[in-house]
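One structure, as structure tokens, below. Some questions next.
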Amino acid sequence: MDRKLRRLLGKIAVLIALVVGALFAGLPVLWMLSSSFKLNTDIFAYPPQLIPPNPTLEAYTAIFTDPVKVRFFLNSYFISLSVTVLTLLVAVLAAYALSRFEFPFKRVLNVVIISVQAVPPITLLIPYFGLIMFLGLYNTYPGLILTYMVFTLPYAIIMMTGYFNTLPRELDEAVKVDGGSSWTALWRVLVPISVPGLVSVGIYTFMIAWNEYLFALTLTKTPEMRTVPIGIQLLMGQHSYEWNQMMSMSILGCIPILLLFLFFQRYFIGGMTAGAVKN
Amino acid sequence: MSTTSLPVTGADSLGSPEPRSGKPAARLADARRALVPYGYLTPTMVLLVVLMVIPIVMVIGYSLMDNVIMKKNPQFVGFKHYIDILTSESFWTAVTNTLFFTGVSVIAHLLIGLAFAMMLNTGLIGTRTKAIFRTIYVLPWLFTVAIIAVLWRLLLEPNGVVNFLLTASHLTGTEVEWLSSPETALFAVTFINIWAGYPFYMTSLLAGLQGIPADYYEAAQVDGANAWQRFTAITIPQLKPIIISMALLDFIWTTQQFALIWMTTGGGPLGTTEMLSTFTYKLAFSKYQFGTASASAVIVLVISMVLAFFYVRAQKARD
Amino acid sequence: MRKKYLAGIAAMAAAALAMTGCTGGGTAPSASNEGPVTLEFAQWWEPELPANSLRSLMDKFESENPGIKVKLISGPYASTKEQVVAGAAAGTMSDVVGLDGAWVNDFVKQGSLANLTDLMKSANFDESQLAAQVKLDGSTWMIPVANFVYPMFVNDDLLKKAGVAAVPTNRTEFAAAAAAVTKTGKNTSGWVLPLDTATPNGIQNDVMSWVWASGGSMLKDGKPYLVGNTEVKDTMTFIKGMYDAGSIAKGSFTMKEQDKVNEFTNGRVGMMIDSLAHVNLIREENKDLKFSVAAIPSADGYSGKRGMPYASWGIGVANNSKHQAEAFKLVSFLMGKDVNATLCNSAHAFPGNTQAVPDFVNSDPIFKQAFEIYQAGTATNEFTGLPVAEDLMRSFDEQFQKYLAGKQSADDALAASQSAWEKAFSG
């Protein structure tokens, strides 16, 4: 077969597969988007209609005109950003130690870091709640931020350790030869070339903090401290749901994350990578 | 995150002991150097010990007590709760369901994530087209579990969109009760979980693919390897470290998936979607047996520790 | 460039810490007797009521009681229970808490609720104005503030279309009407039955309600009475008959109360048993739907008083509250004739104060009708005050689903439920 023709056929096959995949991934979200512009009752119309028969911005105005709900968003941004930055900071230090040093109990520490995530959060809820009260962190930002850091650190450490392991050791040796400390080697050499890894771990961390519900609810109590997932859950009443507002709230919630993703993706897709550095 | 197979170990690390001299000053320097890794680990250890290890130890304590939390003076009962749990039929049903749910989810996450990552990495498609699809593919990841559960309940309702599309295209004759029929419920919740979780793999694998040096492929092409051979001989081995790490983490996370199941099926119908997480939740907050619930949690913890141990050992062996 | 990175990260971290430092949330009031007292009132009602209606009542309370401030703490209904348990375990429960009758027994066992009988005594509160009190061991722990009764809702147009002339009053008529409505269209069903096990209150509202409507009971001397109980068994076989005939809307086994209402609102179900709280919602969402309410049909030939299920917004005081006297002031304020009427008016609930008459009862034909049914029958909810009430509903639900699915007989289902219930009662 002609090389050009084969390429074209391959291209068509990939495009078809991409479209099928996009339907799988995107259709439910499209339905959510359409529902957010519907009246509650139209969401349940049969046959279902993708184009809202009575399009309305009611659900969106209900959110924007309610300062309490806007505050949910601000809280979520602030908490998630803080968690991301602090997790990366702490995880980089730990990953550096695990990647570049040999020391007693390293393996034990690894096992602990991996398996602490294995306890069902729901059983931790009550002792954890007591602990946070004891530490005076109940209904505060640090309470939630530190909690989420504990949830995200294991993953961040494991991934960053793996990432550092791929970076050639000669890099930090060079710093040492120049008289620099391991601290300098970490921050001057390793971290700057690890930006793709940091971004990838950071996005994941952000997501966890952004979407967490159970602890956010338990560790806060005033409306000024609540986050978006609680806001969504508050729309699920005892007797009825505000379907369209729930949909619009999650659409609004996902737009900034999507922008963040779009902005940062160049770093870890086709950007500077460990492989490139090595060559 | 990108990983290559270059053997990088701690053996020649910066902190490795240098030839010792007998002088006290040098010994002090040695001791200081030995402490360096602990310095880097201090923030992590403080956080994990205070906020994770302490509550876990408390849960272990609860698991040995009766009437804990609900009464002022709990009694020590030893391993009674563990025996109760391990001999309870519903526990083993929950274990079986959890293994199915988790196993299928992890495998499907990996396959779909890898397939999408490969498609988005191909040179056949323009960068802009790829960017659009990349954005669409990452969408399921952006939503909180509560909304994912609500959305899929709507879609999978007997009168919902999925049934409408299926009957309209004559794929099924009547409406299927996806979430409320004992035959389909477990598959339905597993499917939802797969939908919600694959982007995590996709983005990580996509990043991993960027890290594979292009000359590996060029060399293979010169040797006459076809696409499939290049995939199995280069791509998979290169991605293996990421795949194993992610599969382990995903396995641990998926066994704990609670909200999604609770909000779609609640463990029903007829217990067909009862998982360890819903089983434990009901013990704690419906029967108020926190001792038994804690025992169930500790069993999960022990299993995960064993898994983690093998994982760490395998990593060591690879190095 | 690198320095910039580091500086940026450091600055963000510093900002994060600074911001967290100065924005601590509401702290508990000091226990001193002098300064103003701040009461925390935890409930799920505020998000369910028209905006600001609960807050304005609190403002009224504050102006009547200088020196007491009320802070409303609102959470989602589905998570209220866990929050109360966790709060009670840590001794930080809010002073006044909204309660569901199904939780009371467990909270009393945990020692988290204050004894309201004592509080009523020391406040010289007139008990006779209360429509109901939830008692355990001779003392009151919860007072129902607002009651949502569950009559039968009927889609008038669908019944007419199906050729059903009169609203069913007994089970035979009901089953016939349900079958007839089901025949009118591909996506219509006669009845809708939510049996989701995550929130198993369908057992209380949609299943046991049939037993109570015919004067039956699931208890004998306060103990489980399922095996050999013909009233419960008859109800089960009656429902199974409709289930097998296909008269019940699909998806029962994981259907929630909210889904039930959606099916009805969209005109796909002929009849449902549902809370009056939904009347306005249904009207808002489907202006063209013609519907009415009626008493739940009884067993054929039954002519006694009909029980009608209800759910309450109950209220209680935390045992760990440092301001129990003030907390009870808030309780008695909410139970007062006028305030209670106002609150119930916004919630479209029946009042917990016997003398309170909310306006909607007279101004609105559907509520007027419902109020008449309510007064002709007796409000019944046998699950209120039972130990692990939610778990009782769930274990019955699981056995009932197995029976409906044809995996076991009614007697087996009853026997299995009976033993589960007995275990819960003794535990």
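Each chain carries a letter (A, B and C) given by its place in the written order, and its residues are counted from 1.
We take it that a contact is a pair of C-beta atoms (placed from the backbone, for glycine too) under 8 Å apart; a residue touches a chain by one contact, two chains touch by 3 or more.
Quick caveat: nothing in here was measured; it's all calculated off a predicted structure.
Interchain contacts join each chain to each other chain, per the touch definition above.
Looking at B-C and A-C, the interface holding more C-beta pairs in contact is that of A-C. In this assembly, the C-alpha centroid of chain A lies 14 Å from the C-alpha centroid of chain B. Centre-to-centre separation of chain A and chain C, using mean CA positions: 36 Å.
Listed for chain A are residues 44, 46, 126, 130, 233, 236, 241, each touching two or more other chains. Residue positions of chain B touching 2 or more other chains, listed in rising order: 69, 159, 285.
In chain C, the residues that touch at least two other chains are 82, 85, 89, 187, 263, 268. Within the complex formed with chain C, the chain B residues making contact are 69-72, 153, 157-159, 175, 177, 179-182, 185, 262-271, 282, 285-288. Residues 1-2, 5-6, 9, 12-13, 16-17, 19-21, 23-26, 40, 42, 44, 47-48, 71, 73-79, 82-83, 85-87, 89-90, 92, 94, 148, 187, 257-258, 261-263, 265-266, 268, 275, 277-278, 281, 285-286 of chain C are the ones touching chain A in the complex.
Those residues of chain A lying in contact with chain C across their complex are 39-41, 44-46, 78, 81-82, 85-86, 88-89, 125-126, 129-130, 133, 138-142, 145, 187-188, 191-192, 217-218, 220-225, 230, 233-241. For chain C in complex with chain B, the touching residues are 81-82, 85, 89, 106, 109-111, 187, 195-199, 249-255, 259, 263, 268, 388, 390-391, 394, 397-398, 401-402, 405, 407, 424, 427.
On chain A, the positions that touch chain B within their shared complex are 7, 10-11, 14-15, 17-18, 21-22, 24-26, 28-29, 31-32, 35, 43-44, 46-48, 90-91, 93-94, 96-103, 106-107, 109-124, 126-128, 130-131, 135, 146-147, 149-150, 153, 155, 157-159, 162-163, 165-169, 172-173, 176, 182, 185, 196-197, 200-201, 203-204, 207, 210-211, 213-214, 228-229, 232-233, 236, 241, 243, 246-247, 250, 253-254, 257-258, 261-262, 265, 268-271, 273-275, 278-279.
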